[in-house]
């Protein structure tokens, strides 16, 4: 395999990985946009989504039909969990100092991880995630696996749906209005709490889908599987400009490609370290991200 | 005698009394070796938690990588002692300094922006430093860990006494530094950042500078804690300094009350001791900790010390006001609080 | 229509409103005038439930507003055009208008109301696809009023509509307010520009440091010696 072909192959792999990061980054960016909180527990929703998918596929066996079913079950389940987390843990702290909400978010994250670890049905040990037999297709001389095709279809499909919701529906407009000015939104008769709940639901459902895709790619599930993708998705969201939906998508793909190229050509052990190097560089060079608008803190 | 000097004298007497009492108890084995060890670990935890309290409690910027700074301090100290035969005291100080340099390097990009970024960058740093420790096997012994760090003394009898005394001295030094800082004008600048960053900025306080200063000092203190830890424990492993460890420091700060020094000290020793008692809970401890964080934030954000009133609890003030003469003479004891 | 009885509001320890009572009857334009900091905006915010009230009652069409959420109040037909306009700059002009109609389900009627808005504010029609943040100050004020009208309010609260606008634009805005009132919407107007407010209002209340000090018909107040001295520049 020539070098150029290798680069192309790694780029393709990176785009598939980046699609998963992008799905997750969307949740970070939407939640941040609306309540200005880094939802540290978001990566753990990915884990819960993966486990929900795991149980469905284990119970029904793996066929294309049950794979679809796993998304249909996992996404609403995680949406509800997302809403509950917001209602119980974040909503009471909306008027508290920011650091209190952040500490709570950290607590929720650890609670989900360690809770899954002590839960008998999940436990600390990694389990093999059931997948369809792996088949690699040839795409212009590059290998593309069945899982990768699935990743592309699901991520692009969900992004189109999300784009439609945010830009062309009433609740989507309300999301954008609330993220701009909560007070003015409630003066217009918008139920701000419901819009915030909806945002958490949407983000968590996307994280659940990302979880099944992530688990299918590796293929395993364990309680701490959400940490690294969560952090990277956050970096992707910052890279794209936190609060910006297209930015999160772009950032996810860029980070995915950067990671596979690093792994393929530099060092697989240090790939995670490079991701953080990336974050530092963005914060120094362009803290508002690629598509973010320069916004001063509101007085 | 004016109030300040009296306060200082009381503080000094408390410190001296505590030192003689506790080291004495350890020396005469009234406190057995096991308990002394817990006290020593507790002291180290308190030192690092105090460092964390400076940036998160007093300055209001969440940092999630103090286990990382502890690791930097610990490995630096260990390497200096083992490879270059540096004496223990300068080696521990060097551990703090190297950690401070890391703090500065991380703080410069992260603290330019909103406080949230510090949380994520320090979290990343804490994880990355672990990866680096694993890969730098020449200095760190890699994933297998670093064994045989020479202890403070090999004398069987003096070892627990000396370990504890050393931690005690460093702990007192850190408390004095923090206390003086907080009551100085830079300290007030730091607290004003926590209360209202925009207003602080408008009043001409260089918010960025003071954040950097607080964070670097915070990293220095955590590095010191790590530096003491290395020769005390004698063995280092990158996985000791994981995210869970950083969160333990955070729990100490939250339980004691953010921005409350006495609270951090009591919560630090208390939690370290509790950890030993709760060993039988095994993995369930891992669920209880985050639960504590969430419940505290929801219901008692001022920390356990917050129960003593909204000013926070101070041992010095407690002793001073306990003086019956003083209470008798003072018409308004409520004003006797912090200057 | 709107009855405010013995309203008391605190900001921390500061007693911002003292036993404020006033009424707005159907079809009227009522104005609250007073200096900066007199408590005008606080009154409007407590009616819309943006800030909690300490004691007192706010009643609108027989409903007690204290027990409702801000968004429920809009459903009853009371909407506020907040101080500083607070349009959604990140949304287009069209989307801003749609947010005004957020609580409504009658699609056919909404379509007709757009036409009504466009005849009243022809400039907004030209800028429909533009981001609201790119509008001029006067256009933004018009959009803020138009957005509120899209909820088909029975009572419109206006907070300082003249703020930061050139005199010519202020005149235009105020004639629009009168038109809206003639078309059947009751208006509660808060203004620092007392002269202007009294010229369009039926009745007025004068607020001073959180208390109502004078009330009466706008005409009477405009000619009252005290009010002239204090608020109308002689």
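Which chain is which? They are A, B and C, in the order written, and residues in each are numbered from 1.
One rule holds for everything that comes next: contacts are C-beta pairs under 8 Å (C-beta built on N, C-alpha and C of every residue); 3 or more make two chains touch, one makes a residue touch a chain.
Fair warning: this is a prediction, and the values are worked out from it, not measured in the lab.
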Most widely separated chain from subunit A, with each centre as the mean of CA atoms: C
Innermost chain, taking as reference the mean of every protein Cα atom displayed: A
Highest-count interface - the chain pair sharing the most C-beta contacts: A-B
Centre distance in Å when subunit A and subunit C are each reduced to the mean of their C-alpha atoms: 43
Between subunit C and subunit B, distance of the C-alpha-averaged centres to the nearest whole Å: 54
Euclidean distance of C-alpha centroids - subunit A vs subunit B, Å: 34
Residues within subunit A bordering two or more other chains: none
Contacting residues of subunit A [partner subunit C, same complex]: 170, 173-174, 176-177, 179-181, 183-192
Subunit A - residues contacting subunit B, complex: 38, 89, 92-93, 96-104, 106-111, 114-115, 117-118, 124, 227, 231, 234-235, 238, 269-270, 272-273, 275-276, 279-280, 283-284, 287, 297, 299
Subunit A contact footprint on subunit B (complex, rising order): 56, 60-62, 64, 106, 109-110, 112-117, 119-121, 123-125, 127-128, 131-132, 134-135, 194, 197-198, 243-244, 247, 250, 254, 258, 283-284, 286-287, 289-294, 297-298, 301
Interface residues, subunit C side, partner subunit A - complex: 48, 50, 69-71, 73-75, 79-80, 82, 86-91, 95, 98-100, 102-103, 147-148, 151
